[in-house]
Structure formats: structure tokens, C-alpha cells
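Below, chain A partners chain B and then partners chain C, in two separate complexes.
Take a look at the complex of A and B:
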């Protein structure tokens, strides 16, 4: 797939190389998933400053946050950020590992306003706390629900839900 | 009634609305003892309000007629569809996506099936691909008819006249979909590598017959509303979504295109046989309520053109890859894949993590309505309450998808 930036034409691999160089040492395991997605891993301590720079990149800015998914891999949790670049019409998928013991990661909802509800959903269903989120309430489940159902070790107990 | 019958179900949204009023009020100025301003009222719109098209609840703070603050509350239709996926095989799960955006079941099923096909490396047959496009575009027309019909009912000047015209014509589409799949709305029609049934005898002719009459129907809709002064006054310049908002809030679908953002997955991330088809993107200029209405009307015309091209190119051959029966058990290799298709409401994506077993390890929907709804507090604040109803109608929400 060809990407045009001004008069320069890039292939998907070249774009991935450019992103990897721009964030050398921060983004690891950078690879291309056909046809148009760059997949990379990221340390959670670096999430915010990388997010800010990705949002403000010249020419290839990832200016739109498509969605956030939380995945429970049993050994650890993962917060997946799927970004879209209107300039290059490509996607960037960031995988941030979150330890189960302290399931918390910093919020990005001031960088991409779209992150707001996704972070609430991930907190609600997977129990990842997004630190600095202005309004981290449950979103799909009731306000007094106990536990996070999409965790693989979740056990549903009737006594947890007095108002059912 | 004694106190023991009074339940104290916590209501975080209501408390939030009240606390926001309290914190914005200067001490003592026009406020009562709890710090509430005397001229501000908190109104609960929904979850059973007819204009919410389902079970959306909006906690609205009103100053007279003006909306000052909106807190959307969702989850009333939450049926754990993502958790359900982890307990079902890939094949057993096919009927569930129908129930997310239930007025566009074909499109939603396609989104799920396409993701699994990419994960497992299955390629559907050519005839199945073309049939899929026909079904999805028919469903897009049906879905837009519901969207525009209920939206005009929200606006009141026409009463419910338009709804009945549109639902009457939508019934013809549902008949077509039913004769192909066996169901009106919950189709369960797509299979990995194809579709469940081939088109029945005479289906193509019936479909052409409907499409031939369709331009006249659209003309009727347009003549009903676009010359109506009240309709125009209530639509023009109301609820403007800027292009920056589209980017910031990741708004997709007709709502984004009404703001002039040329983003359509059928073009920007083409799938199936869309690259071979000739159709225009319908773009608005102002991003107001009227443009969102008009974009949907124009998209129905484009969908008609797409279906006609597909009927012309419909190849002969099997509708299921491999044997006649679809693959009941599939075990995709470990990995994660996200694909999306252009739903009538925007980018409907499915992210599936596979651990190599017969069950999806994790399934996540990217639902366009869930994301389009996020802009509501910003979009509705500062409007009159009656306009807020019009604006939310023009956003075309389906709660089955929002709550999942």
C-alpha cells in the first residue's frame, strides 16, 4: 500500500521504519500487519509522552484514537490503543503491558478526547485504573457492581448484586 | 408507605449532575440551602423516553429551556456480548453480532465474519462476496430509512407521516432479506467462507423490481420534508460538528461525512469487491442536522447504484468455499486481528484475540454509536431542549450497539 506525504511516496514498511526511528528506544517490536497497520509495544511509564508526541507528529500525526481494548492474558493485562492517522490513512496499534498486581496506567483522554469512554469501559469490565481520568465511573454495568467481569478469573456471586 | 420499601440504588450520574451545579454556583447567589440554583432543573430524559430510540438515558441540566449540561447514561441494554464470545465457538457466535446494531444485522455479521476469516486465512467465494455486498447495501438502505424516519418523527412538524412512508418501503427490503436468509432482522446468514444459502429463484428479479421503484420513493421523502419550512428551520445550522471534532472524537460514518470528512472504509480501507464498484462519497459542508439528514438520503441512492452493479456482475458458482457445508469448527492460529467495515453508522470493527483454540480468547467491538455518543455533552449544551432532541435524532444511535 502506498502512502503519500506531500510529494513523497512511502510504502507501509518505510512508514513503520520512520515511526520506529522517531521513537527509537520507546516503541519496541515494531512490525507491519497487512494491509495498513503498524503494531508496536510500549512501556507503560512512557505512554503519556509518546502519546503526546504521536498526536503532534509533523506530517504523519496519529491524530485520532480509534478505540482502546483491554485484554487479560492471565499473566498480565494489556491495554491496546488503536490509533488512526487521517494524514496517511494508516493505523497504529500500541500494546501496553499492565501488571495484574497494580492494574493502573495513565490516562490519555486529555490528548485524544475519544479515549474518555473507552477508558471507563476498560475500567468497568477489565479493572484497569486509568490514573488522571477526570470521571472514572463504571459505564456499562451498574454503579454498585462488584468485580470486573471480563477478567479471566472473575467469579459472579449473587450476593454481590443486591439490587438485581 | 413505610421507609422499608424505599430502595437506595446508587445513581452516580445524577449525583454528578447535582455536584456540577453546586460547584458552579457562587455562594449564596440565587441558590437554595443545598446550593442548587433556583432556576436550574435536572431532568431525566429516558431511559424510556421515545426520542431516545431505545434505552438511552440523558441526565440533562436545564436553565429554563436551555440545555446547560448533559450526562449520558448507558448500559441498560448491556447483554455481555463480549463475554459471551469467550464461551462459544467461533461458529456458534455468528448470530450474536446481529443483536448489536439490530437494524443493520447483515453489516454487523459481516464485520465479525470478516475478522475471523482474516484470522483463519479463509477466502470466501466470489459469488458469496458479491451477495454479501448486495445484502449489506440493502440493509444499509433499510437502516437509513429507520434513521431518517424516526428522526423526522422527533422533529414533530410532520408527525409520524414520514415514519410510516419509510417503514412501508423498508418492509419491501426486509421481505427480500427474509426470502434470502429466512429472517427479517436477526439474519444469521453469513458463514466463514461464504453465506448460508444461495439466492432463491426469482430473487434477483424481485430485487431489481424494488430498486426500479426506489428513486420514486426517495423523491417522495424529499418532497415531503425538504419543502417544509418548519423542518428546515429546525435543521439548518443546528448541532454543528466541526471537522476537528470529527478527528478528536473519532466520529465516523454519515455523521463524519456530513462535516465534509471524506472517510468511508469502503474507500479508505477497501474490502470485498468494493474496489471494483463505482460510487460517490456523499459529503456535507456544514456538519449540521440538515447535512446529516441529507447525507443519509444521498447514501441510499448510492447504495442502490452499488446493488445494481452487483446484480449485473453476480457470477455463477458456489456460495460456500470448500464443501457445501460451512466449517463448523475452526481453530485460527494464535494472534490478534482487527478489521472493520463501513456500517450504516460508521466504522464497525471487531478485534479478536485468538489463543489457537476453538473459542475466541477475547472479542472487542468498536461500535460507531458508542463513540459517536461521546460528543453529546459538547454537542447538546447551549441548545434548546427541543433542538437537543432533534440533534440526538440526527446522530442515529442504536442502543444495542452502544451497550453491547
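Take a look at the complex of A and C:
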């Protein structure tokens, strides 16, 4: 019963090749960057269908989402999905570029339920709006906070600090 | 010279008649209050670890008669704010303080609760719990050792023993 962790024995290069072939049209810059991690880039518009297929892949499914990171590169933002595959015991990092002007990505909550709070956190601190999220509220800061403090261009307002 | 120097105790050995105590109301109430302080478990960060270890056998806060940490403000008269207070926590802290029974006291434990500490510039940090509720004793340290917490509690006992039921009048304030 269940999956034996690491039961699918593939070298990282074999695995990277296989992932690159499977998503030849979508994933770019596929490379092995850690002993157990594949890193790849992805267009924002492809995210949902790639996520669904990665989750449902035969044999090497990336069926677990460890966390979602958000990065501010000043020119653009990035939403980074850290996936884990129980069957192969490997990780996959998906980097999705998000423009500053319209910082929005589609949610992956329904594919990996673990994304729920991570997307809320990225929205709270980085201001990336995850469209289709069932409950996109702030998670760490209070509800009436103005701005997204981990953005490089964040300006702290006095309204955020009533206790002076 | 001990830590308890300066604390006042009623002189029980001086009674002339059994079962009758003659003393001032201030003295006996302050004595009782200062030796049965019920602290509110308000651990917010690493200071909470020191606060909890104060409660266990190695440091043993029970020696000072204030070991009964309560999880509800309604049974407490001392709030030990142990840790960083952030903007989201501040209104909650204020409400819990308001729910505590009078008379009530607040100890600000550690650098964070006192001034924001190492997180002074943090976007979400209140720079000192004294901006939200009135503080009686500040304990420096990051985090303070349990011994420092005990000294703070003994300072608070001394403060409690100076309280009075009699409202200060203008004559008393001017020293006449």
C-alpha cells in the first residue's frame, strides 16, 4: 500500500531529460542544480496545465508541494514553486516570472492543497495576487495593512503603526 | 543581604490575643497581594522559554508564591509580556489586559517587549509594549535568565507593597 519513497531509481540526469521531454513545449532552462533538485523556468500562462500534469505524471509524479517562494528582482517578480516527488525522492523548482505592473498568477490550490497558506503569505508580503484562490486574505499582517512590506519599493505608512 | 530585603511582612509573633490581628488594611492586603501574584502566560517569543523554565523545578518560581500561571486573563493580576509584540498582536494584548481583574500589573520581559529590541526597525514590530499598556517593571536581557525574571518579580512585590487604599489627597501630596 502507498508509495515507497524513492522506489523509482533514476539518475538526476535521466530524470531531468525525462521531465524536459515530457514538457518540451513548456519548461525551459531545465537543469540539475543540486544533488536532488531540478530547476526549470515556465511561462505564467502555462502554469496551471503544467502543474496539473506534473501532479498526475505516471511513475515520477511531483505530487507534493513543499512551499511557494516569492522573489522581487526589481525588474520583475517571481513565484517559485518547490515540488517534491515521493516516488523518485527528488525536488523540482518551478520559476514563474510575474510582471510588476500586473502581479498576478493563477492559483494551484486545487492541485496541491498545501499551496493555500503559501499563496496567502506571498500575497501578504509580496503582493502577488493568486487568481482563483478560494480565500486570498492576508495571513501574517493585520487585515487593514497598507502595502506589501517585502517588496523592494515598499513604503511604510504611519497608518500601519497606530501605537506610537 | 538577600533578594527579599526591603519586603515587609506583618509581625505575626506579636499578637497578644488569639485570632485577633491588629494591623493596617494597607499592610495586610499588600502583603497578601504581593505574595499571591497570578501571572498570565503571555509568551510571544524566546523569552517565553525562559519564563516557562522559571516555572519548573530547576528555578522554581513557586519559592516566591507566584507559580500559578493561568491561561486566562480573568484569573490573573500580572501580565508577563515575554517576547516581541507585533502590530497584529497589539490590539489583542490590549484587550486581554483590559479583561484582567484589578488591581493588575504588567512586566515587560526582555529587550523586544521593552523597546522592540533587535527587531526595532521591523515593519510589523511595536517598539515597546508600553505603547499599548502601562508597564510596571522592565526586565532587560535577550532573553533574561530566570534569575532576572525573579528579580523583576521581587521588584514588583516591593512596588505592590507601597500601594494604598487611601486615595492620595492634595494635602498628602504636598506633604502636610
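In this section, the second predicted complex is superposed on the first by the 150 of 164 C-alpha atoms of A that agree within 3 Å, B and C clash if a C-alpha of one lies under 4 Å from a C-alpha of the other, contacts with A are read in each partner's own complex, and residues count from 1 in each chain.
Keep this in mind: a residue touches a chain if its C-beta (ideal position, glycine included) is under 8 Å from a C-beta of that chain, and two chains touch if they have at least 3 such contacts.
Source: prediction; values computed, not measured.
Enquirer: Name the contact category of A:106: first (chain B only), second (chain C only), both, or neither.
Expert: neither
Enquirer: After superposition on the shared chain, which partner residues are touched by A:140: those of chain B (first), chain C (second), both, or neither?
Expert: Touch partners of A:140: chain B and chain C.
Enquirer: Would you sort A:37 into first (chain B), second (chain C), both or neither based on which partner it touches?
Expert: The answer is first: A:37 touches chain B but not chain C.
Enquirer: By the touch definition at the top of the document, which applies to A:117: first (chain B), second (chain C), both, or neither?
Expert: In the superposed model, A:117 contacts chain B only, not chain C.
Enquirer: One more residue to check, A:69. First (chain B), second (chain C), both or neither?
Expert: The answer is first: A:69 touches chain B but not chain C.
Enquirer: May I ask you to decide whether A:89 touches chain B, chain C, both, or neither, giving the answer as first, second, both or neither?
Expert: Touch partner of A:89: chain B, not chain C.
Enquirer: Would you sort A:97 into first (chain B), second (chain C), both or neither based on which partner it touches?
Expert: neither
Enquirer: Once chain A of both complexes is superposed, is A:160 in touch with chain B (first), chain C (second), both, or neither?
Expert: second
Enquirer: Looking only at chain A, is it chain B or chain C that touches more of its residues?
Expert: Comparing touch counts on chain A for chain B and chain C gives B.
Enquirer: Under the contact rule defined above, give the chain A residues that sit at the interface with chain B and also at the interface with chain C.
Expert: Comparing the two interfaces on chain A, one with chain B and one with chain C, the shared residues are 140-142, 149, 163.
Enquirer: Taking the complex as given, what residues does chain B use to touch chain A?
Expert: It is residues 7, 9-13, 16, 74-75, 78, 80, 82-83, 247-250, 261, 263, 268-269, 336-338, 347, 349, 351, 353, 361-362, 364, 366, 370-371, 373-374, 403-404 of chain B that touch chain A.
Enquirer: Touching chain A in the complex: which residues of chain C?
Expert: Residues of chain C touching chain A: 87-88, 90, 123-124, 126, 131-132.
Enquirer: Show which residues of chain A lie in contact with chain C when the two form their complex.
Expert: Chain A residues touching chain C: 140-142, 145, 149, 154, 156, 160-164.
Enquirer: Tell me, which parts of chain A touch chain B in their complex?
Expert: Within the complex, chain A contacts chain B at residues 33, 35-37, 63-67, 69, 71-72, 80, 82, 84, 86, 89, 91, 93, 112-114, 116-117, 125, 135, 137-144, 149-150, 163.
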